[in-house]
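What follows is subunit A paired twice: with subunit B in the first complex and subunit C in the second.
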Partner chain A sequence: MSVIAPKFRLGYLVKGITDNIFWIIVLLTLIGIPAVQIVLIYIDFPVIDGEIWNPFRVFDAMTHPERALPLVKNFMQTDLFKVVAFPGFGFAALIAAAVIFVERKMLAKLQLRVGPFYCGKVEGILQLMADGLKLISKEIIIPAKADKPLFWAVPVLFAATAGAFVALIPVAPGWVVADIDLGLLAVFAVIGFFPIITILAGWASNSKFPFIGGIRALYQMVSFEIPLILSLLGIVMLTGTLNLSEIVESQVNFPWIIFMPIGAIVFFICILAELERIPFDLPEAESEIVAGWLTELSGMMYGLVQLGSYLKLYAFAALFVVLFLGGWNGPWVYPIEPMAEIITDGIVIMPDALVIKDIPGLPLFPQEMINGTIWFILKTAAVIFFILLPRGVFPRVRIDLLLKIGWYKLIVLAFINIFIALALVYGGIIGPGGIM
Partner chain B sequence: MSSQVYPKDKEILPGLQIEKVDDRIMTLNVGPQHPGSGHMRIIIKVDGDYIVHTDPDPGYVHRGEEKMAEYRNYITNIPHLERPVIHDSCNILYPYCLGVEELLGLEVPERAKYLRVIAAELNRCVYIEYWLAIYGIFLGHSTMFMWPVGDRELLIDLLDKMTGARVTHAYFVPGGVRNDVPPNFEDVCLRQVNYFEKRLKEYADVFYDNPILISRTKDTGILSREDAIKLGTTGSVLRASGVDFDIRKKEPYDVYEEMDFQTNVLKEGDSYARSKIPWLDMFESCRIIRDALKKMPKSGSVRVKLKPKPKGGDTEVYRRVESGRGSLGMHIVSRGMPQPYRLKISVPSFRNLIAMPHLLTGEKLGNMPAVYWSLNYWPVEADR
Partner chain C sequence: MVGETVAGYSNVLFMFGFAVLALAPALVISRMISPRTKSNPVKFLPMECGQVPSGAGRTHFMMQYYAYILMFVIFDVMAIFLYAWGSTLLDLPKEATLPILAFLGIMFAAMAFALYQTKRKNIW
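Let's turn to the complex of A and B:
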């Protein structure tokens, strides 16, 4: 047998890791320090010794942990941090990047291949970065008769809409970018925006295959939005709220999937269709219509759409976790931190190591948030795994069979789910607020 | 659902016909730069999602093999005649060698006959694996692309040991085979073929029993028994329509009449049956290889001595074999010269292509890849 990849050697692995650490340090100093300076502009500066600190003094203080930590904690309270870093775009993009890597390696293992191997030296971990660089450096070609403003708008709109979707997801108690009372309704509104973008892409590129792809995407998304919305009505009936954070809080004792497995299955199938993933990747079916509505997109325009679609994948998986699997709820896995009073009381009952809790600003994150995030990521990873798996197992379905599944089967199942929820509510077993 | 005929408007210029513009109808050029076309173009007109007109347009890889053969002698013709189907190169050289042997009156040694059968069956499996991989990716099943391409390596390695080349073997020569196999070949071959057969059974789990595949290919592109005969299809397409026709059985050449195998026939005539027949054929190929390894003489000459530029008589011969796609024939006209006066290759791909407009018209556009590639059509071979 011809050898595709060289055999595993520990020396190469260690060398790869050290090389990567070297480059990470170099890039951090080149990019990280300017980035910190930019961030400092947005912080409300503390008043210390009777005067407001300016960025230079703050930057000096960064080297002293005792002074830096309150600043960092201050920054974490800002909206900028929420939008850019933790529950918002940065966190989602990190998960999306991990998903792309895991998808490629997992699919490769399933298909008796190696997958990305060379880039980054450690199991091709930097392949995504290389792909991104390639896409950025490619020329953007726009068809001569395309509707240029619309064509330019499509990738930006797609990524922005996916980002808006991400912003609605509560990751940990209190950690959500947009905590609105009609959260679920806002999710439906954002989902309803995607078919418009795809048909815009098909129309604006003024080409036949993108047009057919756009029409197919429109059919598919519209006919699967109805069972998607219907499958979630049961939860709204049981919880009596549309706020996603409150829906998560209502699942402290048990996740809703126990009472509504049918709704969960319908919702999961609708996720696959909305994400245009195999077996429902008809809008991008390459053997029939080249690449569907993505055909004319080139360079980073395509890259943005891909980024948007993986953000969308994360957001849908997270929505499944929030609605059916209990979100951040779970047993304590992160050790409970001692209260600050115990240490400052003067009675030494803890080892000396814990005295660092005295440093103002620690702990950076509350314990509930870290524990909740761990559970949330674990559950999301499990759901994402099941979203990725069909790609290695199923062929593509045909458009008429797809519509038949959506209109005949899933809507009926969604209604059965609603009746189950109604029976639970009127039977007095479960109501808003848990088990009666 | 029937084939729609569009009235042509009157001729404006001689030879130029303007078709009536119909807003409902959209013309799609599937190919030649389309991931689902191969080296050809299919002009498809769709009304909504239904195909109302199909016009296959092959000829993009025409290389003039038949004309080239008229300028080379019988031996130097070998390497370029296998180019149309490099994945099935032993089988495309088979009728040529049989014809030239008949022309020159050569007697092939017994061991060479068995080696030919082994090489031809290995090559058939290599071709079918490649075909199956593309069928998988046409239906969006990426695992079914990677698995056959990976398992194909087993047989390619065997052929590499046997002939010295991975794909373009040029192994068959008039009067035998080019060289003998290495000493331990029989054991390696038996082991790899047994493993290959084990792998083949796993395809059913992931592909042939897959409910989505069955829903896509069952009852699509049905070719009835009468139509299959009338349109002149051959090979797996013909056998999927319920006609028990295999050249290896009907007109056995070399030692095929001593081999223990059966032909696979399905009655449905739909895309699913057409995709299943080649897979079943691979099991029979494994049987034939094992049988040939058992019955093969352990030693002996594999090639008869030829004169430098052998000349045929003033006759013509036509020999045909069962290739991976169906009956492949070569008609050699000799005028007493070292090179053939005329060489006509009758390729199965082109004969199966004729059925394509018949099957695609009236189908949904989504069925196009499932029906098109199930025809066991190799564009390069059809163009010669």
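Let's turn to the complex of A and C:
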């Protein structure tokens, strides 16, 4: 037997409905009308083929793919698309998610376990989604006497700084969020923020283990920053530019790893240290100082820091590819010309109702961009594999050995790399008079 | 010209801002849907492996890297100076490399001496 809820009164119902209507009107007035005004008055409409597009034409174009195509192509050249989707955040977050899954599965295979298995039927492919749901539904506990604004800001700052690092990476010819002349120096500047955020997290949480972890992160940065910077000097000497896109274009014939293997090895070891991965994961050494600087972060805060650290992993691997492995350069694996029937006949979207023919400029992306992206992703996946591998193989180094590796060995090797580059230039092998 | 340069850098900030806008709601949503159980005396204490924490959280730790910090300050600046030279190397005359080699030699000798001293004084 069902009854109306015992506390039901018509007056309450009417009050609820009028309240909702009131709030909808208030929100529309305060947000909707200014938004419409901004769109109509301040935003520059795209100019395609010499015509200005207004909102009416945009809505009109949405009704038919043929008319919407120029708009879509125009949108994909804007900064917004680059930041949100392709070379920027969406692309990097997708790769980061894939890396998290591959790492757990690969590590399990290395240690003769199964790893994630049940979630999502096929080899636990939905495990990441389950973990995300778990993290977002957990309570965030902030330790007593913590510096609350800083403590809340740390996970967001960490992930956003990793995002700013991703912005500097060129993925395909012309496809980079921030194509700046001093790209490599900007990379060093962004890298320098990570230890600061780490030690902020340690300080803000008012707890001893995070503080020790933050201090260790600073320690590690101090001993590995200089070899990291010096190991890339050889490439800058041979290419004469700091722009990352131009560095990639200089490797059409040979990737720089052929001429400077020592620099590549030094840079790779520094990557491992900067990423706080296993041989050098002293700041979050889980068997020594609980979880290091992550100890007090709970729930979604921890999730955001993990996302940030995997974005950082992608960015460093991509930087290695850009600098040493030739970025997007590679033989054609994708058809050089788009398929003829796409240009002449168009594509069939809805088989019965709608056949679109003769759409000008239908291949949305140029062929060389797709080919370049394929090579870039393949090389990045290979580098990420070699970054993940030590986690299943090596133990953690002691902190004094870490210092010795950084100060006594890597800096000397980086200097040797500089002199190799000098010899290549003045020996006439590379540069004016030599190849390239 | 200046505007174009600044616009290139502003994209980095744009990406930073977008990441903040995209990720901060995760914390807000988590705060909204997660349970808020009642507080008890030990819930908000800092983690200290099950013990009630003793002393202040932000205390002093002996890390003893003062000598390395001093060296870092010097050699980090040196490394960035080398970039100013290295990025224009192909345009410079060959004689211009000799002063840089002398500079490198002086810095390298200084670093070797400093590392020798840290080892002799047994600072790590």
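Just so we're on the same page, the second predicted complex is superposed on the first by the 345 of 436 C-alpha atoms of A that agree within 3 Å, B and C clash if a C-alpha of one lies under 4 Å from a C-alpha of the other, contacts with A are read in each partner's own complex, and residues count from 1 in each chain.
Here is the rule we go by: contacts are C-beta pairs under 8 Å (C-beta built on N, C-alpha and C of every residue); 3 or more make two chains touch, one makes a residue touch a chain.
Keep in mind the model is a prediction, meaning the values are calculated, not measured.
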item: Partner chain(s) touched by A:Q111 [first = subunit B, second = subunit C, both, neither]; value: first
item: First (subunit B), second (subunit C), both or neither touched by A:I33; value: neither
item: Partner chain(s) touched by A:I25 [first = subunit B, second = subunit C, both, neither]; value: neither
item: First, second, both or neither for A:D281, with subunit B first and subunit C second; value: first
item: Touched partner set for A:R398, first subunit B, second subunit C, both or neither; value: first
item: Which of subunit B and subunit C A:A186 touches, first, second, both or neither; value: second
item: If touched residues of subunit A are counted for subunit B and for subunit C, the larger one; value: C
item: First, second, both or neither for A:K208, with subunit B first and subunit C second; value: both
item: Touching partner for A:V290 - first (subunit B), second (subunit C), both, neither; value: both
item: Set of subunit A residues, in rising order, touched by both subunit B and subunit C; value: 208-209, 212, 290, 400
item: Interfacial residue positions of subunit A with respect to subunit C in the complex; value: 79, 82-84, 88-89, 135-145, 152, 155-157, 159-164, 166-168, 177-181, 184-186, 188, 190, 203, 205-209, 211-212, 215, 219, 222-223, 225-226, 229-230, 233, 236-237, 240-242, 290, 295-296, 299-301, 303-304, 307, 400, 403, 407-408, 411, 415, 418, 422, 425-426, 431-432
item: Touching residues (chain side subunit C, partner subunit A) in the complex; value: 5, 8-9, 11-20, 22-24, 26-27, 29-31, 33-37, 43-49, 53, 56-59, 61, 63, 65, 68-69, 71-72, 75-76, 79-80, 82-83, 86-91, 94, 97, 104, 108, 111, 115, 124
item: Residues of subunit B defined as touching subunit A within the complex; value: 26, 28, 34-36, 49, 136-147, 150, 153-154, 157, 206-207, 210, 212-213, 215-216, 364-369
item: Subunit B-facing residues of subunit A, complex; value: 1-2, 107, 110-113, 208-209, 212, 278-279, 281-282, 285-290, 391-401
